[in-house]
Every structure is written in C-alpha cells, then in structure tokens.
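Reviewing the structure listed below.
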Amino acid sequence: MTALLKPSPLNADPAGPTPAAPAPAAAAPLISAESVTKRFADGPAVLDGVTLAIRRGERVALLGANGAGKSTLLRALVGLIPITGGAVEILGQRFTRQPTARQRATLRRRLGFVFQFHGLVGRTSALSNVVNGAMGQGHGWRSWHQSLAPAALRDAALEALEAVGLADRATARADTLSGGQSQRVAIARAIVHGPDLLFADEPAASLDPAAGLDIMRLFTRLAADQARTLVYTTHDMRHALEHADRIVALKAGRVVFDAAATDLSERDLEPIYRG
Amino acid sequence: MADTTSSRPPTSGPAASRPGARDIARWPRLTPLRFTLLVAAGAVLLASIGDVAPSADRLIGAVPRMGSLLERMLPPETDPAFLGRMGLRLVETLQIALVGTLFGILLSFPLAWLSAAGLSPLGRLRWLARGTVSLFRTVPDLVWALFFVSAVGLGAIAGTLTIIVDTAGFCGRFFAEAMEDSDKRPREALEAVGARKLDILASAVVPQCMPSFVNTSLFALELSVRSSVVLGIVGAGGIGQELKSAFELFQYPKASAIILAIFVIVLVMEQLTDWLRRRLG
Amino acid sequence: ADAIKIAVTDIEGLEALQSEFGPFEAALEKSTGLDIELFPVGNRTAAVEAINAGQVDLVLTGPAEYVVIKELTDARIVVGWQRPDYFAQVVTLADGPIRRVQDLKGRAVAFGSVGSTSQHLGPAQALTDLGLVYGQDYEPKIISRNVAIEALIRGDIAAIGMNYSHLQRAREAYPDVAFTVVARGRDLPNDILVARADADPAAMDKIRKAFVENGKSLLAAVLKGEDNQKYKGGFFLATVEDGDYDYVRSMYTTIGVDGFKNFVGN
Amino acid sequence: MADTTSSRPPTSGPAASRPGARDIARWPRLTPLRFTLLVAAGAVLLASIGDVAPSADRLIGAVPRMGSLLERMLPPETDPAFLGRMGLRLVETLQIALVGTLFGILLSFPLAWLSAAGLSPLGRLRWLARGTVSLFRTVPDLVWALFFVSAVGLGAIAGTLTIIVDTAGFCGRFFAEAMEDSDKRPREALEAVGARKLDILASAVVPQCMPSFVNTSLFALELSVRSSVVLGIVGAGGIGQELKSAFELFQYPKASAIILAIFVIVLVMEQLTDWLRRRLG
Amino acid sequence: MTALLKPSPLNADPAGPTPAAPAPAAAAPLISAESVTKRFADGPAVLDGVTLAIRRGERVALLGANGAGKSTLLRALVGLIPITGGAVEILGQRFTRQPTARQRATLRRRLGFVFQFHGLVGRTSALSNVVNGAMGQGHGWRSWHQSLAPAALRDAALEALEAVGLADRATARADTLSGGQSQRVAIARAIVHGPDLLFADEPAASLDPAAGLDIMRLFTRLAADQARTLVYTTHDMRHALEHADRIVALKAGRVVFDAAATDLSERDLEPIYRG
C-alpha cells in the first residue's frame, strides 16, 4: 500500500500541472462554490445556494441525510451535471452552467471520482476497470483494456488494486464481484492515476469495518504525504470525525454546518439528520 | 407532505386516513391536447384496420386452399444434380454475404457511434450520420446495384458492395440504439476522469453492447444470405436468384428445397448467435 | 352478385392501370353492367395462384403466363388484347463490337426476367431461330433491365433481350447512348384476358362483348394518360385461340423448361 | 496470492517486485484447438475476400460513370398529376403498413417472450418459438403472399397478412434479444418474492426494454413502408409497385421522386423514434 | 409506521400459511442449512459447508468481511442460485440443488428480500416498485404497476413507503432517487406484503444514521409483535449488537461465529475481519 504514496509514475510529467511539492501556501482555494443551485427539470431545488471553499490537501467529509444533495453536489462541482445557478471554480477552472470541453479536459485529468453506485463496467475484469481510470492521462487506446495497457499502467492498476486489498480478484469479471469488492474496484479506479483531487461518494458504504478503516487511512496518507485533496461523503460518523480535517453538512440542499473536525463529537452532528 | 390534503374535505375509504394516497395519479393527466391526439390516432387506426385487416370469416375456409398449395410444394426436389447446383450457389452466396456483411459492419460501427445520442462526438450534427444511415436504407437495392454495376461491372463485387450498403443501413441503426441504451453509470464514471468520447465508447459502451452487437451482426449476415434479390440483380447468381427462377417457372418443389436449405442455415446461425451470446454472458 | 375480380400482371398494362385505374374500370363497368374490381399484380406467380385458388375470375396477362395457366387450370380465353409492335428484340450498342448475331457466340446475353414473354422467352427464341443454341453458344444471364443496360454500356454483357417499347423507353432515358437491334423475333401473340374454368359464363360473355363492341371507348379510357400512348392503335380480338400460343410453348422448350407437370402435383 | 510467483526466477522490470503482475494473462490462452479454428476462420475469410471484395483500382474511374447515372435520375419528377397519384399510393401503403406492423408487433411480443432465454416459460422448448420466428423470416414474402392470396384473394388483406408475418419474423427476434439483455438484478429481485414469469416480464423487463421496443417497432414500420415487393405481389398497389414500374420503364426521374418521398417518411419516423425514446428516458 | 405491525391486509387470508399468533413453540427451525456448499463454475468454494438453524421470530445478523459469502448465502437459502452441495430446509420446503417450481412458489410467497444492489426497476416509479413486491400474493397483473393495483395494495405500498420514510417520493422514477432513497424503496418492496421471513442484504449500507436506526427499529417491531423472522447482513457493529438476537459470522465461506448478541461487544467481533 506504499507505492501509491509516491507520485504516480503516470503523473510524473514535469510539465504537468501536478508539482510534487505543495503549491505556494495560502493560494486561492482548490475548489470554491459560490451559491450553487441545482434543480432537476421543474422539481424543487436539490442544491440551494451552496457556498464552499476547499483548500489543497484538505480532507473534507460531506455529511447529510439521505437525499440532502451530497451526490448531486459532487457531480455539480466537476461539471457532470449542469448547475442551475451560481458558479464553481475548481482546479483553476471557473464555470457557471457547465465547464467548456477544454475546461473539462483540464480539470478531469487531475480528478478521481468514486461513484455511489460504483459505475463499473460489468463485462470486463476488475483490472480493466482500474486501467480505465487513467483515461484522462493521454494513454489513448492503451487505457481501454488491461490487455492493451502499457506495462507501467498495468502495474499502477495492480498497485491500486493492492492498495484497496483486492489484487487477488484482479481478473474477475466486475459483475461477479461482491458489493464490497465492487466498491474497492471503484476506489482503485479513482486513484490509479494519482489524482490531485479525489471525490468519493460513500466510499466505505459497502466495506467491512476493517476495509473501511484501511480506506480512510489510505485517504489520510494521500492527503498528508502528497497534499492530495479529498472530498468524501459518508454516513459513518467515525469516518468523518476521526479521518477528516473538516466536516461540511448539507440539509435539504443547504450547507448547515462547516467546521473543523477536531473537538467535535457525534452529538454535535446528530442535528444534521433530524427532521 | 403531511399537510397536503388537509384543506380537502374528508373522504371515506382506506386511503382517506393517509394523506397523499389520493394525490398520486393513477394515469398521466389527460389534457385536452392529449385527448384530441389520442382520439385522432385511434380514429386513423380504426379506419385503417377497417380498410385492410382480414375478417375472421375470410380466413376460415382458406385452410384447405392453403393446404393444396403446400401439397404442390412438397416433397422438396431431391434430384442430386439440382442439389449439387444449389449447394454451389449456397456457398457462393455465403461467401459474398460473409464479406459484404463484415465490411458493412465495419462501416456501420463508426456511423452508429457518430449518430448515437449522448455518445456522438458530432453533437447536434449527429443527424448527418443518422441521415446517411437512413439514406443507405431508403435507396432501394436496385439503385445501389445500378450504381455499383456502372462503377465496377456485373458480378460478385457489385453484389458485395450492395450488401455492404444494406448492412450499414441496418446495423448503423441498431448499433446506435444499443449504444444509446447502454447503462449510463459506467459512462459517467469514465467521463468524470476525463475520458474522451472514443474512450468511453471503447471501454464502457462496447463491452456492454457486445451481446446486442452479436445479435444484430448475425442477423445482418442472415439477412444477406436470405436476401433473394440483391445478388440476382447484379448478375452475381446466388441462391436468391435460383429461388426466384424456381418460382417464376413454377418449379415449386425446387423452391421448397431451396427454402429448406436456407432455413437450415438460418437455424445454424441462430445457434451460433445463442452460443456467442452465452459465452459473452 | 359479387364483383368480378380481374388481376392484371403485365407490367405495361399494370402501369396503365396504376395511372389510369379509374377511367378504365368505370368504362368497363359501364359497358358490361357488372361490378368490376381490378388488381394490378406485380408477380405472375401470384396471379396464377390467385386464379388457381378461384380468388380471381379473370387475369389480364401475357402469352407466357397464359400457357402456364392453361396447363394448370382449364382456363378459357375471353378476349385478346392486341398490342401493336409487340415483339422481342436483342439489343446491343450501335458502336459496340457486336455487328451480327453470330458475334454473340461465346458472349453473355442478359434477359430481364425469368419466364417473361418479351424479355426472356421471345428474345431467346429469336436467337434460336437465327441459329444460336440457348446456354451453349452464348451465356444467358437473368439481370434486371435497368442493371443490364448499365452493364451493356460498360461492356460486361454483349446484348439484352427486351421488347420494342422497352427499347423506346431506354432510348429516352439514355439519350446519349446509341442502341441497335441485332435480332428481332416475330410478333408475339397477344396479351390475353383469361377466365378461370368455372367462372360465370354469362358474365364472361358480357365482358367479351363489351371488349369487342366497345373496344374503342375502353381503349380511350386506357389512353387517357399521356403515358399510355403505346396502346394506341391496339385492338381487342375475340378470335384468339389456344393454338396461337404454340409458338410460346416452343419457346419454353427453347429455354429448357418442359411443361409444368411438377406444378400440377406429382 | 503473495506467494504465487516465489518459485519462479526473478525477472527484471517494474512488475517483478509485485507478485501477480506476471500472472495476469494479457490475452485469452491460445490452445491448439483455438489456434486451429482461428487460422481456419482467417483463411476462409481471406479467400472469400479475394474472391468477392472490390479492388481499389476498379473503384477508381467509376466515379464519372456513377455521376452520369445520377444525372439521369435528377431532377425528380414534379408533375402534379404524378405527385398526386404518388401521394395516394403513399397513404395507401402507410395504412396497410401501419395495420400490418401493429398486428405483427402484437404477434411477435408473445413469440419473443416464449423464445427469450432465461425468461421463457417454456424452458428448453423455447426453441420451438424461436424456430417459428425463424421460419416466418425464412419463407420468402412471395410464398407468404401466395399462401395468403390463395386463402383470402388478391388485395390489401393479403398484403396486410404478409406484413404481419414479416414483422413478426423481425420483431420476434429483436424483442427477444432486448428482453434477454435487460438488467438481471430487478428480475432477480422480483423472482425472490415469488413473481411468475409473466409478472417479471411485465414489471421488470418491459419497462426496461421500452426504448428498444420503440426502436424496433418503428423500424419494422419503416421496413413495411419501404418493402417494395410485398404489396405489389398481392395486387394491393402501394408505393413499392409504383417504384418498381418506374424502374422497369426507365422513368428514372419518377423513381427518384418516389425514393425522395420515402426518404422523407423515413426521416420523419426517425424523428418520431428519437422523440419517443427521449420521452421514455 | 404503525400499520405495518398489524397483519398486512394482503396477508390476512385465514387459509394462508401465516397465522397471526406465533407457531407452536419449539417447532422445527424456520430455516436450516446443512453443510451448504457453493462454488461458481470451477472457482473456489464461496460457501464451504455452512450449517445454520434459524427459528421463527429471530433477528439474525450475518456478519463477515467483504467477499466472505454473505450475499451468496442469502441467495442460496431461497434458491435463487443452485447450491453445489448440502441441503436447505426453509419455510417447510426442503431442497438440495434448487427448490422445485412448486416449492419456490410456496416459499417465496412468504418471503421478502432486500438486495445489496437494490435491484429496482429504474424506469418506473418508487411506488410501482413497491407494488411489485406483492407479486407472489396472487394479485396477477394488478401488481404490475401502481396504476393497476387494487386500492388495498396501493395503500399497503404507500404505507410501506411511509414506514421507510419515503412517502413523499412515491411518484419519483426509481432511477432518479438518491442512494439512500433507492435503498429504502428496496426495503419497502420487501415488506409490503407482510412476509414471514425477511432477508435483507446490507439494508442500512446507504442509509444515514437516523434512517438506519429507524430501519433497525422497524425490523425489531416486525420480529417482536408478529414473530416475523429477520436475517440481515450488515457491516455496522452496532446494528448487529444492539438490534439482533443472534450474530452469525462468515469467514471465507465458513461459519466462524454463532452466538446470542447479548453481552457481546465490538471487540468480540473484530477477529471476523482480520486476515
């Protein structure tokens, strides 16, 4: 599980936007959302004026009841769904409705995203799914399938699978994996290219307690040793309290809580889930 | 939610005690426009059915007549010389169909991608690709045959080209449909890490669509083998021509022998489709 | 009484019907006093089956089809539909290598449609009459007329069998191509209106009478469309006999088809 | 897992340090049998291509000839009388196609269900349903037309019946494929609470397959409209017959006008398909 | 949330197999598995001689690391996948490889099943999905869609949605629901017909803490007031320790732990997840 803590070989391009050393301190936040609003069709506002600033190297836990808008917020921040109002600046790219194609390409190169429903390609192997995670890195067709991948990428993928403890199921078809195994493949896919920013939507939901803790520790090391920024949602208080720097809570699409994690207790978070 | 029905008069029945139960429409709301459209569509359909659908009593009493036709077709011709020639034609047809379908599939794959909603790199211009595929289908075989014969002359090559166009017109549409209907979640997941449209196609869409591609492709091959006209019109012979002549000269037993042979091929292809699809899971 | 159903199979007759269905049908109804229903049928096999199954009373068709129908069912001639200049030709390019029929030896000759009187049987017979053996001296190919002309221009085939009006049409469609005729068959027997054996004899008589007596007005109805001028000068003939079609029977033998015994069920 | 490579000699390169990296085959293992089959298939294909595929130099120089053909077809005929007649034929054709396709779809739906692997209530006997669908397709239109003509006489009814059979042969296969390829998880979830096969079909399969059904059905309708032979064979007229006689009489401008009209209909149907599929999401 | 504790109106058929009062005590167990083995194709044994007996009215929590075989076991017990060895007797139906069609029909009528991946029909409404849950109860086509359902069934479905706290999203299309909402629909679908036996595969994985607790309480009431039997898997120690009567743990396909939940602590369970 150590290799991922070195700068990924796939990401070592010196001209690239990922200097191994932390960026000049106190720079502009890595992500800032300004009164972001989102409604689907003519439904109610799912995000309702969300304002947020996340700095490089932070680990932010995003809490909220079911349906509070966590997944929607993560999607909106990276431009996977167009926002209805407000503006987002992320990894230096600023957009209002949706990022332009160029902005998308630039920002997503540096991004990892773990989806709540995993979003694995069922008919290919776990390893191929992980290899696919490096698609933004300019490998072209060589990131389509594990059998096409250059050795370095394959190794990185295997390494990522090892990091999530699933190297022994690398060749299994993704749709034969158990819930937790599938979740791990999704995580491995999101970290294989050493992203600067990792969005993870309930990355530990299907994991057993030990595996969940491993993932939290992995996240911590990514943040500490390499100033990678982490934003994850979770319903596990302990994962938020013990492994995040900051806790942001949503309630019905509004930010109702934004504080450092230290010195908070479960009690302080309970109101988030109350009627 | 708890209050949404509070201003309404109380109603009886089990649902009344639970607010909300009455709020959920059983059917989509019937606006005047929808109603008008529905009635209009119904009227057109009924009128058409009245005009052209078979009535029950005409169908009764038809059975014996159909039986006599069947009798004249059976038993199929078994003259060895004829069977030999038929076998030869079948092989010819299969060869041309195989090559034509293969190239047709290769051609329709990019066309399908370019015309698939949500996947096409062309954006709004994807209708250009769709239009091309539709045009391939709309222009009749005979016209394609005219073009290709005047381009490359009579024979198997013109037949192959015609089959290529036919296949592209068919597969282009069904491949695109399969691509569009593929699960959106893996596509989104790859999009999120900066995959290009082509990457998403190759990694998230194609693996999912493989069973459907197999089905469509083998159907296209079957179609090419069955298609009784294409090869005949360009003078490339083929089993279709043989079948047509048998009918025009009223040699029904020969015709039924040919149909049986094609049926066997179709069944074999069905088995192949099944097997391939099972392998792909 | 039920309507009298007439199937029309011959392509030129068919086009006449399609463009001018109404006037002709009305004229026929008027002069016979019968209720008439016309069906333009694009396939001779279907027409034969229809009369065989008793589903139509009359078929307006060409000589080749008549021979088959006659052999299968004991159909009866009602009236001949004479078409002026109805003969088969073997057409080639005026500036091509084919000058005489003998030049066709060893070459490919296209025929439009299997079993068609003027496109297959007729031209093949014409060549036979001039000394070429079908399938031996030249290679017969069944290729649709449209494609065949393209192939002729390219030089893939040496000649095409077709009838006189086809050639006129082709000349219109290909104004820059010079066609010539290297062989011409004798005038083909008439198109013919045949009735199934058990059709109502009274009605058949009425129809025959209408064609003979009001031939001019019926023809005028057909000729209403400017496209149908090819029928100009035609006559309806009540004197047609089965024997007139022996020439067609010999044509079937020419292309190697001996009767339709299979069809009758053994 | 950690020990699987320990007995092998150390290899150099970045993968060597991580056991397992070398264990993962890049490609499926090539058994002798597979190799032989692969080579055989390749040889057959190459031979066929050599026989029938067009060579590049034959295609060059063909362009001017094709251009002259196009010239003969353009401009399309615009004579109002002709256009009027064509419009009439189109409406006729559309009516018959609509009814035939509708009944064909109704017929193919149960056939598809009965033949879908994993969904059919027939178990192993599902090949009976599949065979029926294949037979519908294999028996040529002409033969169906002969049957129906001798059963119900010439005219629109025989045409409708033929289109019904055509549609069933086509939709029966593609509906079955869509059903088979539908997501297995909702199916399993309903199975677990005791749903019968029909319930699973209605609740888990049909909603998922709707977009695909829409596509296939509207394609079948398009096919019925385009199908240039069926209606003509049975004396039902239709635009196909009109097109055929235009060609046989070398009236190329008329033919191109008809083709254009059909193309417009096809495009409209494509739009309709698109719209319906978008509505279904 | 109270109505579900009465015998479901859909299940009140006096001739039916669900007497409202508990069955004669100390009867044969409701579920018994005897050395159940399962392997997929020629893979390793995923279940390896699982022997288990569950009595009526018990709440059993099934624990185990990711990939231990929990989901597979639940599927095997109800005959959704054929078992490779051993025998199962469940709700009076005994089978070895797979239950017969008749056995299946009988046992599944009385069953509810929450799947780990939810298995909702995406294109229909949440309510229709819940209505579908009553398919084994002989409603025929009337359970196909909410618009066809008889009033009693619709009401039961709405009630079930209320019980899981999702009545306000009843008409939303299932594929627009958030992770937790989708999970709740799956639970509602499994309880709508008042099953005697409820299998739930990680029913609280995507739920927020408050919702998870609600579900656990719902389960407890189902078991206590109506002697419904509950078998659920979970990765949440507290859900197992505080809300189950018995805890069974799987490790690599074998039962390694089977004890009453009282007096156990998290510490006792930790070895389950250790290498």
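Every chain is named by a letter (A, B, C, D and E) in the order it is written, and numbering of its residues begins at 1.
Rule of thumb we're sticking to: a residue touches a chain if its C-beta (ideal position, glycine included) is under 8 Å from a C-beta of that chain, and two chains touch if they have at least 3 such contacts.
Everything numeric here is computed off the predicted structure, so don't read it as measured data.
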Via touching chains, subunit C connects to subunit D in a minimum step count of 1
Two copies, subunit A and subunit E, superposed on Cα atoms differ by a rotation in degrees, nearest 5, of 180
The distance between the C-alpha centres of subunit A and subunit C, rounded to whole Å, is 77
Between subunit A and subunit E, the Cα-mean centres are separated in Å by 32
Distance between the CA centroids of subunit B and subunit E (whole Å) is 42
In subunit A, the residues touching two or more other chains are 117
Flagged in subunit D as touching 2+ other chains are 65, 69, 142, 146, 150-153, 183, 247
Where subunit C touches two or more other chains simultaneously, the residues are 45, 49, 53, 144, 146, 150, 154
Counting only contacts in the complex, subunit B reaches subunit C at residues 65, 68-69, 71-72, 142, 145-146, 149-150, 153-155, 232-235, 241, 244-245, 247-254
Listed in rising order, subunit C residues that touch subunit B in their complex are 44-45, 48-49, 53-54, 68, 72, 110, 113-115, 141-144, 146-147, 150-151, 153-154, 156-157, 257, 260, 262-265
In the complex, the residues of subunit A that touch subunit E are 40, 64-67, 70-72, 116-117, 169, 176, 178-181, 183-184, 201-202, 205-212, 235, 237, 270, 273-274
Listed in rising order, the residues of subunit A that touch subunit B in the complex are 78, 80, 104-105, 107-109, 111-113, 115, 117-124, 128, 132-137, 140-141, 143-145, 173, 175, 186, 189-190, 193, 195, 199
Touching subunit D in the complex, subunit C uses residues 5, 7, 11-12, 14-15, 18-19, 39-43, 45-47, 49-50, 52-53, 55-56, 144-146, 150, 154, 166, 169-170, 172-174
